[in-house]
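Taking it in order: structure first as structure tokens, then the write-up.
Each chain gets a letter, A, B, C, D, E and F, in the order it is written, and its residues are counted from 1.
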Amino acid sequence: MVWQRPDGRQPYQLRPVGFHTGFTHFAPGSVLTKCGDTQVLCTVSFSEGVPKFLAGTGKGWLTSEYRMLPAATQQRQERELLKLSGRTQEIQRLIGRSLRAAIDFEVLGERTLTVDADVLQADAGTRTAAITGGFVALANAISQLMRRGVIKRSPLCGQIAAVSVGLLQEEPYLDLNYVEDVAATVDLNVVMNQHLGIIEIQGTGEEGSFSRTQLNQLLDFAEKGIQQLLIAQREAIADWEEVFVGVRS
Amino acid sequence: MVWQRPDGRQPYQLRPVGFHTGFTHFAPGSVLTKCGDTQVLCTVSFSEGVPKFLAGTGKGWLTSEYRMLPAATQQRQERELLKLSGRTQEIQRLIGRSLRAAIDFEVLGERTLTVDADVLQADAGTRTAAITGGFVALANAISQLMRRGVIKRSPLCGQIAAVSVGLLQEEPYLDLNYVEDVAATVDLNVVMNQHLGIIEIQGTGEEGSFSRTQLNQLLDFAEKGIQQLLIAQREAIADWEEVFVGVRS
Amino acid sequence: MVWQRPDGRQPYQLRPVGFHTGFTHFAPGSVLTKCGDTQVLCTVSFSEGVPKFLAGTGKGWLTSEYRMLPAATQQRQERELLKLSGRTQEIQRLIGRSLRAAIDFEVLGERTLTVDADVLQADAGTRTAAITGGFVALANAISQLMRRGVIKRSPLCGQIAAVSVGLLQEEPYLDLNYVEDVAATVDLNVVMNQHLGIIEIQGTGEEGSFSRTQLNQLLDFAEKGIQQLLIAQREAIADWEEVFVGVRS
Amino acid sequence: MVWQRPDGRQPYQLRPVGFHTGFTHFAPGSVLTKCGDTQVLCTVSFSEGVPKFLAGTGKGWLTSEYRMLPAATQQRQERELLKLSGRTQEIQRLIGRSLRAAIDFEVLGERTLTVDADVLQADAGTRTAAITGGFVALANAISQLMRRGVIKRSPLCGQIAAVSVGLLQEEPYLDLNYVEDVAATVDLNVVMNQHLGIIEIQGTGEEGSFSRTQLNQLLDFAEKGIQQLLIAQREAIADWEEVFVGVRS
Amino acid sequence: MVWQRPDGRQPYQLRPVGFHTGFTHFAPGSVLTKCGDTQVLCTVSFSEGVPKFLAGTGKGWLTSEYRMLPAATQQRQERELLKLSGRTQEIQRLIGRSLRAAIDFEVLGERTLTVDADVLQADAGTRTAAITGGFVALANAISQLMRRGVIKRSPLCGQIAAVSVGLLQEEPYLDLNYVEDVAATVDLNVVMNQHLGIIEIQGTGEEGSFSRTQLNQLLDFAEKGIQQLLIAQREAIADWEEVFVGVRS
Amino acid sequence: MVWQRPDGRQPYQLRPVGFHTGFTHFAPGSVLTKCGDTQVLCTVSFSEGVPKFLAGTGKGWLTSEYRMLPAATQQRQERELLKLSGRTQEIQRLIGRSLRAAIDFEVLGERTLTVDADVLQADAGTRTAAITGGFVALANAISQLMRRGVIKRSPLCGQIAAVSVGLLQEEPYLDLNYVEDVAATVDLNVVMNQHLGIIEIQGTGEEGSFSRTQLNQLLDFAEKGIQQLLIAQREAIADWEEVFVGVRS
């Protein structure tokens, strides 16, 4: 039996992607990111100074927070108040690590970029949408900070995008939505850069294991998806040529 | 010296108001509310059951949560994690009390409506925007719940809107923005119903006191503003005639 | 039907008021305040220094904490441990704002006054008793600090008192006790200064709205009550003439 | 060199003790206890039911909470909010254990007595004052509960009092005040019953050790003090003969 | 330049592994696990009942907690008290997911197995040691529970082991110690079952990306290490043949 | 009826004691302490600097943390996460106070020693095992710090050991195990120094009181036990003669 995708997509096909840039305007970067029905508001804030462990090194930092609005899911979910769930912490750590791979922190100097990813609507793939959209917000923020003269040179040395892939009935599928995510036996999130170098790979087969052959099939699909996302990102960043440096200093 | 409004409004003039209904679609009510540059996403969720103190009474409940996204303000603000600030708690209690005045809880029966007001962008007046937009989301939610047959009769027995007024150089002004809010010596939030009956009044003159004459001038302006908001709300609620009952059972 | 007050008072009559000054003696101000059966221990402490946001401005600060002892109510109430309830936070913010209107912070200089209001017995009106009694403790504290030479000039530039009024069967009543507070459809707390200028007004009609005419009737009663409280306060402050300055510098 | 007591007392002499019974009247027992300048408000509340570990055993429970008001000490102390200090927890556990020795829980049945000890003024010896005064409040509470018919038989089977003793310049002193408490090298708290049986003994010599001979001298002084406290307690309990049963069932 | 391993190991060589079974004896499974200088005490406890989301399904559950003792690292680390770090939560979720793949929860029935992994000494690889040693403790616990008659059939349907691999100077190395872990540009944790099916893969290249070729080299090394660990585990489990079932029911 | 000890010991007989020194090796002192089936891992860490209240005094500090692993008891116990229980706080305060009596803080200078006592297995007497074993770890840590030249002179001026005694059927017994601890009516913990001077005594008779005669019998047994523990400690400390100074400077 072969899995029929609820929205009729091909196995290797992404959901429609959209980046609504400048969605709010107090933060230097603000992008309402849509991947199908998943909507994540990604904002990037800037502040002078770095956390203690970097003070005096001349290097900057990027950190991330991830949260879901209570009404983002089918059933309203309680806000996380006294403590963050393990899931939330894992995701915001992943977003931070992934987007740090885009920045040359020596060029940035002792400043901190904060990426807030707030999920307004959740139809699976929120963490990868947060990374992909967060990158657009990051580029826009750097662009604005340069125009305002706050930073002199662009520290944007890598392009980062992310996508999920999964096994359904032992076959690979790209960019799962919620129904598919629940049905999948294996779920793999992949973060890559502009050269399709792997930045992060997280795969789990709680409902079953997967072979190395299947892993490589999943990665083939992930590569395809990420190539398209990289193009969509560049189209959404007005001054891509100026803001993207492409190599670490 | 007379106060010059930064956006050139008349003293008795509201900022442009907008209600983007159906902004997300998992919650029965979802309205992105704009009052000038202030943007609040108001969603209304529904659940069977009530808090303990009402169990067995046959009456329903409405509760509210209010939060700001970190990048909603000029300077990024930390999320409230371990505990809510006094300000946040005051505001969400105010929103809850105000919107409860719109509902006949005997008609609702033992169900709970939860109004989430998440501020995406804050240019003052977020609590009054949350109440005014929250009412639209509430009406839309009730409308959808009736269409889906979840509730049989509409419990919407009151129309509620809110606005801020303040004294600047001893003169009253309607619907202050952030710059005005900071400059005002007296700040008054007023919540009224469709008959301009007062539901809630909160005035504070930390930087100076105000006379009863000034209080009445402020209330004149508040009435004007609320009359316009009541009209705008009704225009944003497609099936107003069906959903609004207007009297308690 | 007309409301019969349980203690036989006239509608415009206060409960007996008492200020037991010097109730404890480590804090410079300490007043056990009684309004009928409501008992609030108000103490005022003094410390050098101010919160960060005022450091270097030359201005002082006043802050307040409010708490109920567990056995203050008919049913023992749990202490608020991990977090303060919204009600507690609202009240302590109100007390702080109200009593700050009594102080010229430039005269005080970079020092902090802390008003602790601990309710030993609660028969309604605890927040207004805390403000009215807190003012007496504040004046006594300033007086003692001047005698000890800790501060040179009195920063006491305003006299502050507070009272509650409410609507019962659509008629106004002054200084509600617990039974009345529960029965009232509208509850209004009013804080005024020595000129009967309004410092704070908070009215809520969760069980029903109120007209502007009713609001003005309630304020008439509040004014009457506050005039008597202002007199009682001055009688309880031994050296009123020396400690009260009456205008901001 | 011999220690001169600041208040001129003999080494074996208690501070003046006072029990102001019925200080508040919502809780069945309420005693403002004074030991010199130490003032502790002890209230005893009553509720049906017991903690889980006792449910179904037919036995009741007694628990205690201890807290200091912020202005109870020379320097204002922060309230314990997020967590209780080790000191506070130790003291409230000690009060609970000590007063449980006064109650026959089979006679009480599945009910809970809660002793709240709130220190209004602290001049050392607050934990022993809380126990000694808490016992008076406990007896008064039981007496009232019997008069109201809530409990049929008195469960008061033991009389409990407590005192502190200490070594100053290697000599024993009874009932230390704050100055003495700071100067003492050894501090011993003793809780005894009506037969001078030891219920609890806690001695610490952080600044120096003490011999068994000294321990016995300290216990001689503690016995003397407790004998007087037992008499004072009985005088403060109006219906001592009726309420005190004296033996476990 | 080629990386010289500080302990002289070959690139594909594990550190010495040891399982001290029965280290404590109140829990049914207790194994002090050593991987080089890394020491993790893994205990497995058993309780009737399951979390709410499984109640009534007839299925059991396995959960895990991971913590480091403060003195486990070169510099003493604060205990995590108010909240768990993201790292801790990630790790304990990983351990739980991995070891759940070893259990047939329908055979277990509505019971919960809790795996506690407490790191006594940390020289990198603590999470993989916790999984590998946790599996041994799990098998021992099941064995004891069967001997005691608490469970009738063994639910142990999979064998699980884990290891870390990393890139140092672009070359793969197996089972990194602390010095190597810090120096690595890419770090990959791999969890596999007895068929070398992948249960979990987590790779991160914060300091640099990695190619798919490198990923496959790392997986080759991981497979080699896991094969040896699977053998060592079986040797440490006395009654392996009885306790291991090998297929889901 | 006379109590029969479950392990056949004489009333005045200790359980077998063992000190496994150097159990872990990152902390300067690390001792796995066994008293019968009770196992406590005691580690001592060292850091420059002292808490605020000692800064600038030239004096050092010693603090302690005590915790049980979840599987240390017959039934798995939840870890204490949001707050420490009163029991845990009491115990860690006791360990800290007791071991501070071993150190001359003027010789130590402004440094902090942290004693972590983690109970791996609990069969009663964990707090006294933590003190007795903590002392050995402390001596070993000082010895190592002197060899490494971190401290010049030994600050070890006292030898500290602790034991529990209790009344079972009105007779005294030394070093109770869990079964005895539960059955005892009176439980007494005693901490003494090398001269058998009392450092700390804590006795509680919740299930019954005890006479002064019984107290002295219990202390006789405690002295016997502590004398043996002092010998065992000295045997476990390799360079006892060098590290122990014996008098405060």
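One rule holds in what follows: contacts are C-beta pairs under 8 Å (C-beta built on N, C-alpha and C of every residue); 3 or more make two chains touch, one makes a residue touch a chain.
As the structure is a computational prediction, the values presented were derived from the model and not from experiment.
K.L.:
List every chain that touches both chain D and chain F.
P.N.:
Common neighbours, chain D/chain F: none found.
K.L.:
Could you name all chains that are in contact with chain B and with chain D at the same time?
P.N.:
Intersection of chain B and chain D contact lists gives C.
K.L.:
With centres defined as the mean of C-alpha atoms, identify the chain lying farthest from chain C.
P.N.:
E
K.L.:
Greatest Cα-centroid separation from chain D: which chain?
P.N.:
That would be chain A.
K.L.:
Which of these pairs, C-D, A-E or A-B, matches D-F in more than half of the residue pairs in contact?
P.N.:
Selected pair, repeating D-F: A-E.
K.L.:
How big is the gap, in whole Å, between where the Cα atoms of chain A centre and where those of chain C centre?
P.N.:
52
K.L.:
From the mean C-alpha coordinate of chain E to that of chain F, what's the distance rounded to whole Å?
P.N.:
34
K.L.:
In chain C, which residues are in touch with two or more of the other chains?
P.N.:
Each of 82, 84 in chain C touches at least two other chains.
K.L.:
Linking chains that touch, what shape results: line, ring, star, complete or other?
P.N.:
ring
K.L.:
Can you trace the ring for me, chain C first, then chain D, and on through the rest?
P.N.:
Chains encountered around the ring, chain C first and chain D next: C, D, F, E, A, B.
K.L.:
Which residues of chain B touch chain C in their complex?
P.N.:
Listed in rising order, the residues of chain B that touch chain C are 82-87, 89-90, 92-93, 97, 100-101, 192-193, 195, 197-206, 209-212, 215-216, 219.
K.L.:
What part of chain C is in contact with chain D in the complex they form?
P.N.:
Chain C residues touching chain D: 23-27, 30, 37, 39, 41, 43, 45, 47, 65, 67, 69-74, 76, 79, 81-82, 84, 114, 116, 118, 120-121.
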